[in-house]
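One chain, chain A, appears in both complexes that follow, with chain B as partner in the first and chain C in the second.
Up next, the complex of A and B:
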C-alpha cells in the first residue's frame, strides 16, 4: 500500500512502488483465491460433519488435529468457519446483487426520465440515506423475523442507495453524448434508448459497485447475526459464530472469537486490495483512494 | 448562518415525514401483529372476539396512515407512546439513556479525530516510508475488522488477561450510585473501541488531504522561503489538508450510530443504541419507531454541522450563499 507523492515526476527505475504494487496485487489475489477455493471445495471434498459434536474435546486450543481449536461443544472451528463463510458469502452476494438490481433500476429510471421524476426519486433516496444503515436493517429484520430472506432483504434495502446515485450520475453524463442524440433523432423510443443505449453504458460501473458491496453486505449480515437478529442458529454464519463464542470468551478462551472474525477481515481486505490496484491502473493520478 | 440553519431545518421536515411514514408502512406490511405481541401467550387461547376487541382498544384496527398521523401529532407534543419492553414511556427511555450515549460517542469521536489527525500527518509526511506503510495497512485492516469483533477481543485482552479495565456496564455491579470516577473507568474501553472503529477513516482522509496539500504550490512556496518543516507541515499543509476532512466530520454520524449500536450491546452500556437492539429483539414498535426517527434527526443535524463547519473554516465559502 505504498504511494509516492502526487508531485513526484521523476522516479528511478525499479523503485519500491512498482514491486509493492505487484506484491499487493498478488497477495490480494492469493487471499481471494484461497477464500473462494475454501468455500467452494472444502464442503464437498472434506466429508466431515461441521455439526459433529465431541464433548470430550470441547474448547481445545488450536492443535494440529484442530488448527483453529474446537468450540464449546467440541466442533472443529476451522470447519465451522468455512461453512460460516459460505453462508455469509452467499447472503452477501445475493444481497449485493439484489441491491444492485434495485439501485440500477431506480437510478436508471431517475436519470433517463429526468425532470420532476428525477427530483422526486432522488429526494426519496436522500431521505432513506439519512437513516443509518444498520439501524434501518435492524428495524426491517425485527419486523420480518425470523429467517434468511428477511436478512437478505434488509441488507439489500439498505445498500441500493449508493448504486442508484452512481447509475443516475452515469446516465446523466451518457445522455449528453452524440450517440444518444443520434439514436433519438433516428426515431428510437424512450424505452429503447434507455435499454439499448444507456443501460449497457452503466453496467460496468454498477458491476464494480456490486463487487465492492459484497464485503459490506457480509459485514452487515454478520452484525445482524451478532446482535441475535440475523440468521437462525442452525445456519450459522460468521456473525452467529462470534455471537455464540461470547460465553467461551468471557471464560478466557479466545480462539472461538478470533478465527471467525479473521474470516471476515481477510476477504474484505482482498476485495479492497484488488479494487485499489484496479483503480490505480485506470486512474493513476488519483492514487490511494479510499475503497471501503 | 441563522438563515442557513432555518432553511436546513425546514428541509429536514419532509425527510422526517417520509422516514416515519416509511417506518409505519414497513410495520404494516410485515407479519408482525401488535395484538399478539401485546397479549403474549394469552393470545394463543383467546377467541376471535377478544382479539378483535383488543385490536380496537389498541387502535390498530385502523389503517396505518391514520396511526402514523396520530403518532406524529403525539410526537410533536412529546408523547411518543409506551415502550412495552422497558415498561415506561418512550420519551422517558430516551431521556434517561441519551446522556450516556452522547458521552460515549463524544469521548470516542474526540479521541478518533485527534489520533487520526496525528497518524494521518505522520503518514503523509513521507509517502511510501515504513511509517506510512504501517499506518495505511493498519488503517485498512482496522477498517475491514468488524467493530463487535474488536470489542470482544478488547474485552479479552484488557478485562480478562490484563485485568485493568472493567468488561462492561456503567458502574461496578456492587456500587449503588453512579459516580464520575466509576463512569470514567467504565467508559474507557467502549469509547476506545468505538474510537478505533472510526480511526481508519480519519487517518486515511487526513493522510490523503495533507499528502495532496504537500504537493501543491503554497507548500512549495513555503519551502522555498526556507520555513521550518514543522511550520510547513502544520501551518500550511495541515491547515488546507484538514478542510475537506472537517466538512466530512458531520457526515460521519451514521457510522458513529452504527458503531455505537454494536459497541453498546457488547459492553452492556446503558445507552440509547443498546435500547434499540433490545427493542428490536422484543419487537417493541413504539420504541423502535422513535429511535429510528431520532437517529435520522441526528444524521440530519450532522449534515447541517458539516455545512456550518465548511462555511466557518473555509474563508472562500460564504454561509449566506449556501
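Up next, the complex of A and C:
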C-alpha cells in the first residue's frame, strides 16, 4: 500500500516527460537544420533561375520535375519558396536583432536609472504600444519605396516594446539584490554596475525574446507583402508568393498557396520548439505557453 | 567616526521600517546591534553604509553630514565602508569566479595592479584555498562563499565594517573563523565595526558594546497611528 502511494507520488517526474522534451528538441532542431540548409545550399547548388518564366508549364500540380508545382507564369515553386524563405528569414533575423538591441537599450536604461526616467520611458513605451502595431508598421513602410530595408525598419520599430518591458522588469528585480549593493559599496559606477552585473543577467531573457521574435517578424513581413506594401512583387518572399497565388486558389489550384504557407509555418514551429526548450532551461519555473 | 541622528528609513514613506534611530560608532570601536528579526536592523545597516537613502534624519561621517547615497555618494565615502551581507548566495554575482568576486572592487576603482597581491593575501586571511578561488559561487558552500564575501568587503581596506548578520547562516567553526578574520583586520588597521545580529552571546563576546534595538530606535508599536 505504501509502495503504491510512493510510486504515485514519484512517477509524474519520470522518463515520459523527459522523452517528449528531447523529442521536441530533436524535431525542432532537425526542421531548423533542414530549413537553414535549404536556404543556404539550394540557390548556389541548383544553378536554376527562379525567375525563369515558362508559360507552357503554368499552374502545373506537383510532379517529379516540379515537386511543388509551378505558379501562374510557370516558375518552379520549390525554387521560389526557397528564395522567398531566404528573403523572409533575412528580414526576420535582422528585424528581430534590431528590435532586441533597441528594446534592451531602452529597458536597461529605464530599469537601471529608475525614478523619473523610468516612469517617463515606460509611459512612452505604453503610448507607442497603444497604437496597433500592424497599423504603425503599414504607416512606416508607406513612407519608403518598397524594398527589404523599409520592412526591416518597420518591423524593428514596432517590436522593441515587449523586449524593453521584459528587460526593464528583469533589471528592476536584479537591481534590488544585495550583490548590486555590494558592487555599489565596492565603488562601482552606474555604468559598471549596468554592464558588468545587470546586463549579463538579462541577456538570456533578451536572447530568448529575440529568437521568438524571428518567426513573428517573418509573419509581419508576409502580412505587409500580402497587403502589397512590403516587398515588390518580383522579389520572391513568402508574403508575395501567397499574395500572387491568391487568385489561383479560387480556381482550385491549392499548391501555390499551400507550399509557401508551409514554409512559413515549419520554421515558426521549429523556432518555437527550440526557444521553448531554451526557456525551460534558463527558467524551469516559467512554463507558460510560448508567445508568438 | 560614524554618527546617525534620528534616522527614519524604509521602503514606503507612510510606513517606515526604522523610526528615529540614533547611534554613534567611534573610530576603532566594535558596536553590536541586537534585535529580533524584521525589526529593521538590516535597513539601518544599509543606511549606515550609504546604500539606502533615509526618509529623515542625519548621518555624519567624520563630522560631515552625508547628503548623497548609493551611486551619488562620492566614491571615497562609499568605499570607506566594507559591507558583508547575511545571505552570501544573493550577495555574490553568480557569474564571477571567487577570485574575480574578491578583485571586483579593485577593478571598479581602477587598481588592477593590486589584484594578484591583495587576492592572495585576503584568500589566506579568510581561509580560502587557491582551488576554491577558481570556482563559481554555485560550486562552493555557503560558508566558503561568505569567506569570499568577507574578503571582498576587506579588499579596499575600509575604515568601517558593516556586518549584517554575517554569520547567521553558518556553523560554529566558520563563524569563529570569520570573526577571527574580521578581528585580525581590525587589529591591523584600527577599523570600526558595526555588527548586526540576533545572537546575543556572539555579539557580547565579539563587540566592545552591544545595543538592543529598543535602545537605538523607536519600535513600531510606539508609532502614532
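Basically, the second predicted complex is superposed on the first by the 257 of 292 C-alpha atoms of A that agree within 3 Å, B and C clash if a C-alpha of one lies under 4 Å from a C-alpha of the other, contacts with A are read in each partner's own complex, and residues count from 1 in each chain.
Definition applied: a residue touches a chain if its C-beta (ideal position, glycine included) is under 8 Å from a C-beta of that chain, and two chains touch if they have at least 3 such contacts.
Keep in mind the model is a prediction, meaning the values are calculated, not measured.
In the superposed model, A:189 lies in contact with chain C only, and not with chain B. By the document's definition of touching, of the two partners only chain B reaches A:223; chain C does not.
Between chain B and chain C, the partner in contact with more residues of chain A is B.
Shared-chain residue A:138: touches chain B; no touch with chain C. In the superposed model, A:281 makes contact with neither chain B nor chain C. After overlaying the two complexes on the shared chain, residue contacts for A:26 are found with neither chain B nor chain C. Contacts of A:181 after superposition on the shared chain: chain C is touched, whereas chain B is not.
On chain C, the positions that touch chain A within their shared complex are 46, 49-51, 70-71, 75, 78-79, 81-83, 85-87, 90-93, 95, 104-105, 108-109, 149, 152-153, 155-156.
Chain A meets chain B in the complex at residues 1-7, 16-17, 20, 123-124, 126-128, 130-136, 138-145, 215, 219, 222-223, 226-229, 239, 242, 245-246, 249-250, 252, 254, 257-258, 260-261, 264-265, 268-269, 272, 288-290, 292. Chain contact summary for the complex, chain A toward chain C: residues 177-179, 181-190, 192-193, 196-197, 200.
Contact residues on chain B toward chain A in their complex (touch as defined above): 14-15, 18-19, 22-23, 26-27, 30-32, 127-128, 132-133, 136-137, 140-141, 143-146, 148-149, 152-153, 155-156, 160-161, 167, 201, 204-205, 207-208, 211-212, 214-215, 253-255, 257-258, 261-262, 265, 276-277, 279-281, 283, 285, 288, 291-292, 295-296, 299-300, 303.
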